[in-house]
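Across the two complexes that follow, chain A remains constant while its partner is chain B and subsequently chain C.
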Partner chain A sequence: MTETVIRSRKIKEKKRVYPPRRPVPDLGLDKGAEKLTPERIESTIRSVLDNETGARLKVYVDTCAHCGLCSEACHFFWSHDGDPSYSPAGKVKQTISEIVKKKGKVDADFIRGAAEIAYTECNLCRRCSMYCPFGIDIAYMMLTVRRIAHLLGVVPQYIQDTAHSHSATMNQMWVKDDEWIDSLLWQEEEAAEEIPELRIPLEKEGADILYSVIGPEPKFRAQLIYQAAVIMHEAGVDWTMPATPGWDNSDMCMYTGDNEMMGRLKKVHFETAMRLKNKRIVMGECGHAFRSIFDMGNRWLAWKMPPIPVTHAIEFYAELFRDKKIKVKKKFEKPVTLHDPCNIVRGRGLHEMARYVVNEICTDFIEMHPNREHNFCCSAGGGVINTGPPFRNKRVEGNRIKAEQLFAAKSKGAQVVIAPCHNCHGGLEDIIHHYNLKMELKFLGDIIYEVMER
Partner chain B sequence: MNGMHGWDWEIGRREIADLSRWKAEYKAVHETCVSPDGERIAAPVRTGETEFGLCENGELWEGEFDKVWYARYTPDGRLTALVSEMGEWTLAVDGAAWEERFEFLWDPRFSKEGGHITAVGQKGRKYYAVTDGVPWEEGFDNLTNLTQSPDGSHAAAAVQIIPMTEGEIFKFQAGVYTVAVDGQPWPRNFVNVWEMSFSPDGKRVAAEVRINLYDYTIVVDGVPWDTVFKTVWKPVFSPSGDEVTAPVRANGKWTLARNGALLWKRGYTQLWHHAYSPDGSKIAAIVAPKYGRWTVAVDDTPWNLTFGDLVTDLVISPDGGRAGCVGKEKERWSVVVDGKRWYGDYDMAWGPVFSADGRRAAAKVETKKTYGILLDGKPLPEMDGFEVLWSPVFSPDGDRLLVRGIREGAYIREVISIS
Partner chain C sequence: MHTLYNLVSGPLVWVAFILFIGGSLYRIITMAILAKEKDGAVYAYMDTYHAFRSIYHWIIPFGSRNMKRKPIMTSVAFVFHACLILVPIFILGHVMLWKESFDIAWWYMPDLAADIMTVLVISACVFFLVRRLTQPEVKYLTTASDFVLLGIVAAPFITGFWAAHQWPGMRTALILHMLSGEIMLAAIPFTRLSHMIFFPFTRGYMGSEFGAVKHARDW
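On to the complex of A and B.
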């Protein structure tokens, strides 16, 4: 924190003039805003404020003392040299505060601008809430802006398309039902070349574990399913994967503000485990999906907790090592550093467990700073990476601080960044490339697969 | 289940197959399935390095396949499995494969009595419903939510009828999906189409749809209800076929709607999986009367017993007089009938099964990977310790129980008296 405070002071002392904001062209935002009328804007906003947000939002808006303590938390603020319009409170001021103050009497340009801020300049990472003396949940306020923008049809094209995919296929990547099963059979075949008796048991009723993944795995990262199958096999666990929709635990509808669809996705997911009589769901290395099934989606459906317990991959790996179900042949020797994904660290407190796993598999672990619950977001989270190519530069340039953080770890010797989250992976990949950091990026599963006895 | 009268209901135990021998014989034995009458047990087996077969009562089906999976018995006792040869897929039924081959075939469904089988097939990137080996005439760009009529002679599904590439968000929002019944699409498109139901006579179909990104409703034979809702779940026809009901979210609460108008007065935090008694006089549903508490409501009256984790597997007895479900509280599963929790809590519990007259009920439960049976609320002596167990079946008169399970590696079929 001291380091952060000093840097922050420097930023404040600078008193710079910041470049004006220019809207990034985007089909979803631009065309969506064109269709708005003042009446629709006002009635939609009033309906959200009257029926959905209730006292919580009002308390937050009324309580904020504009003290600016949260600014230091936000990577966008840091990376834009202290531009206050990128501070958490600054983003609130430009969006929901104005909406509340004007009771919905805002114009289409305003909605377009507010949507761009909420969808592309806030990762809903919740780092700022830790720095606010009142614990104001800025992420919740940005989600409220997104909810309004969704209901008004002003959503960036790429993430809207992803939400459409979820609604039509129950997965994030337009994967058709046969493609899903086929990719599992294919991974089983591939893995059986290495371990002949290995199986990916499909539709096994009564298996202890339902293993669920996110949409991109069958499409782009099928090797992760292969590796998971090898880990499951070697650990001797009783597991299955579904051959029906419900296999994808991810959820971009949570991030577009389409809560109804978020609920539908989680219903299908949990009911798949219930149908197969699985005792728990073990999920791959994903952060946002964890937030969706452990917090937001289940609760929208009236399940206080996940109806079938959810074990994140980090918890699962820790359990396998603790119970000596998998053993390490020879630890990974390249020096590694660890990126703490927001949703499973601030959202679930898995940071020490992640370190336990890293130390079980790696000889040389170098912390990046700040870390654990104070870690900076990858800037891909909160659906920001899913807003796609139009916002790529904004996302990467908005996280220079992360590049500095990685560079500092590299200077201490780290060659490999472990990011146990899909979105973090995507985000860090872009950052490493853009800032020419020349670091390798891995999932925990990649290293476990590499070092385990088999 | 028709034909039950012809099953062997003699009291006694028979060992049908010694699975340890299968395990010794084959490189791998996959998940087993048993026939409804318990006379047969089958499993896909790996016969060579990359060859698979299907073993039934110790006999291997003729022919070897590149892959065999999803072995299941139909309700009328035919053994089916999805099989592939040379990269082509089909369904094998009692050893004979459907002639028509597909690039992929999956999700076989059986009609209530088992007479018809419908699966989804894909070839040339077109998707078809395939009934008894015969695909629909026209294929679609995608096909999901396959649904059979109760007698299996009709099939419906959500189909994509306008081609669309990724990123075309406005085309999607204009509606590219509809329902196809026996291959014929409805004339109107929707943004989304999800679960659907046939009327008992198989002549009508009701589906849950989204007509734009925000308004949900039920469409019956292509005609949407007049009312739209914040969201809806699967619609069901009344047993007479005259009415359609569906859970709907209105005014911030869930309730049941009939033909578009609100039916139940009470609002719930959640309501889904509603079902009719066979005579249509009662409706039961899984509900959350308040946030985080779950139970069953019968005709809009929730049971007093609630569960914190979940309620699932709602079943109504064949005579319509009773309802049962499974509930979970603090990770322990229980069986519930008519609002009363049965003896014990378990690592897992299956939905209860009822006798034809509804007097008797039984359920399968699991403790530490061994399985047992509860009968009318209590554990059935000596019917525990199974390594694998299928849900028990009552004899037509309800005086006997057919137990099908694996103990010490042997598959056993046993009929016990419960009178």
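On to the complex of A and C.
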């Protein structure tokens, strides 16, 4: 983006008075807060502050100079016309800095409010760390608030249900063990109509690649497994999928603050790849799962880096194109734009590789601005979309800036938005509908499947 | 008046420097120990090259996207910080004091330069004050302590300017100048002014996380 454009982007209408916040009714938050006692709040907070946090939190809280320079990093701040209570430091002020200052002597209403802010008004996208001159990790502070809220049992109902599913089934969507295998066999059968010799190898010991997906793929987006199988088949890749729990790489527990479960999930995932003696894990187009495997879950298990190499779909596709393992029959002709998902761009720097893949498969690529590390989040990430229908409007209205960003790309001709991340898909879909943008939304895999030689 | 003068120009200077240097060391060391105990990640992921890469982009003017987006704030902040550090070290009056007390000396700046830079610091403080009072996102974050800190920083420059120009009441101004300078030095390790000592660590850590682990830029 040219600097002039960046500078010309100003909050349109800064107001003197902003509408007061109204709590969104949610069973998880409301009922959870009702059960709290001052003693429980204080002892829980003290235990987190004393045992689970240390110098980082202290230094962050102590050095923030209250300069407000992080504000314009946040899509919530932009979308609320510069309402300071939605700025990153504003959210810190309303949550963790109060908690630290009062050493846990806060009431149930406060916890409820802090939980709502941390779970539904911050996507943990880390954009603000790139705007804070001191590099304060505000996402980490919001995660600390979530950790406290989780231990206090004040978690939005929908995402808590997802976390329960993780604990009970080791996947996000209450998919039973046999349903998982059935879904794979079903997709294999479907694909066999197109390519009779296609297989989805299950439990193949020693295969180069363990391909892992997120829970919603077998549940709602089974065609993605079909497409992945076709790509693997045509590329002649030695791959497998597990027939046991551990197939799901997703992790909402990381976002509820249930670190213990986050660790269990990643342990099962890594151990599945170890059991099958795979050389590496290749994962589908998902952002948060990548964060969990590559950044947070492994750390909880005391692995500095994942114990087995992890390759995101974008890297994997780039590899296939570079090695000419898949060839393009005819490039996708509709003009496309690319959404950079936080967890694999700010989280892994895959932006240039994504552009390489897009240019391999599309004729007309239009950048949206700002982009790469500076892209705005979809507002679904960080588990926010998983807080479900009660917070849908808040999430979509809290990201008007994304709609404007998409609209700007559309006015330059883009008809299709490529979002190589499941959460981003969910979030952008809602934004496109709500703001009536009339743009198509695709995964990279959708387009590769469409244009590849087979 | 004399006793007061002797106090602020003698023992309190020592107290201020001991609190400033000792306090800074104390803060850094206790935080380093606490980090070792509780935030193992900080040590594991700190990466010299990427830490300095990030610090570099944030200590040169307009080195980051946010600085480019806010040219006025960036200019004021850089001029402010540069003058704030340079004037006390290189102003003739201070260099003379070092010479008299310890017989060490270094380059000093012309009086005119010192005057201009002092006025720049004071003006920047006024700018920050106005910004705090008018910008909603800054006002929202502002607490009483922010005004106190701004006062602590501005006071030595205002009184110093006063005394240097020998305006009426310069004796009082001189005493207040020394006292406020001492307060500022002593306040650095124990208030939000501690961003002076912690900046390299917070920025460096974020630079390491972004650069070495996440292969992304953080500016």
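Going forward, the second predicted complex is superposed on the first by the 439 of 454 C-alpha atoms of A that agree within 3 Å, B and C clash if a C-alpha of one lies under 4 Å from a C-alpha of the other, contacts with A are read in each partner's own complex, and residues count from 1 in each chain.
In this text, a residue touches a chain if its C-beta (ideal position, glycine included) is under 8 Å from a C-beta of that chain, and two chains touch if they have at least 3 such contacts.
Remember, it's a predicted structure, so these values are computed and weren't measured experimentally.
In the superposition on chain A, A:304 makes contact with both chain B and chain C. Within the superposed three-chain model, A:69 lies in touch with chain C and out of touch with chain B [touch as defined at top].
Of the two partner chains placed by superposition, only chain B is touched by A:182; chain C is not. Of the two partner chains placed around the shared chain by superposition, chain C is the only one that A:60 touches, whereas chain B remains out of contact. In the superposition on chain A, contact of A:345 is made with chain C only, not with chain B. Of the two partner chains, chain C is the only one that A:90 touches; chain B does not reach it.
Legend: residue contacts after superposition of the two complexes on their common chain; A:82 is shown touching chain C, with no touch to chain B. In the superposed pair of complexes, A:328 makes contact with neither chain B nor chain C.
Once the two complexes are laid over each other on the shared chain, residue contacts for A:408 go to neither chain B nor chain C. Looking at chain A, you'll find residues 304-305 touch chain B in one structure and chain C in the other. Remark: chain A residues 3, 6-7, 9, 14-16, 18, 52-56, 58-60, 62-69, 71-73, 77, 82-85, 87, 89-90, 93, 129-131, 133-137, 295, 299, 304-305, 345-350, 373-374 touch chain C in the complex.
Those residues of chain B lying in contact with chain A across their complex are 27-28, 30-31, 49, 67, 69-70, 103-104, 106-107, 120, 122, 127, 142, 144, 160, 166-170, 172-173, 177, 191-192, 194, 210, 213-214, 216, 230-231, 249, 252, 269-270, 272, 288, 291-292, 294, 308-310, 312-313, 328, 331, 347-348, 350, 366.
Chain A makes touch with chain B in their complex at residues 27-28, 31, 51, 150-151, 153, 157-158, 160-161, 164-165, 167-169, 174, 176-178, 181-182, 185, 196-197, 199, 201-206, 243-245, 258, 260, 263-264, 267, 270-271, 274, 277, 279, 301-305, 307-309. Interface residues of chain C facing chain A in the complex, by the touch rule stated above, are 31-32, 34-35, 37-39, 41-42, 44-45, 54, 58, 64-66, 68-71, 73, 135-143, 146, 192, 194-195, 198-199, 201-207, 209-210, 213-219.
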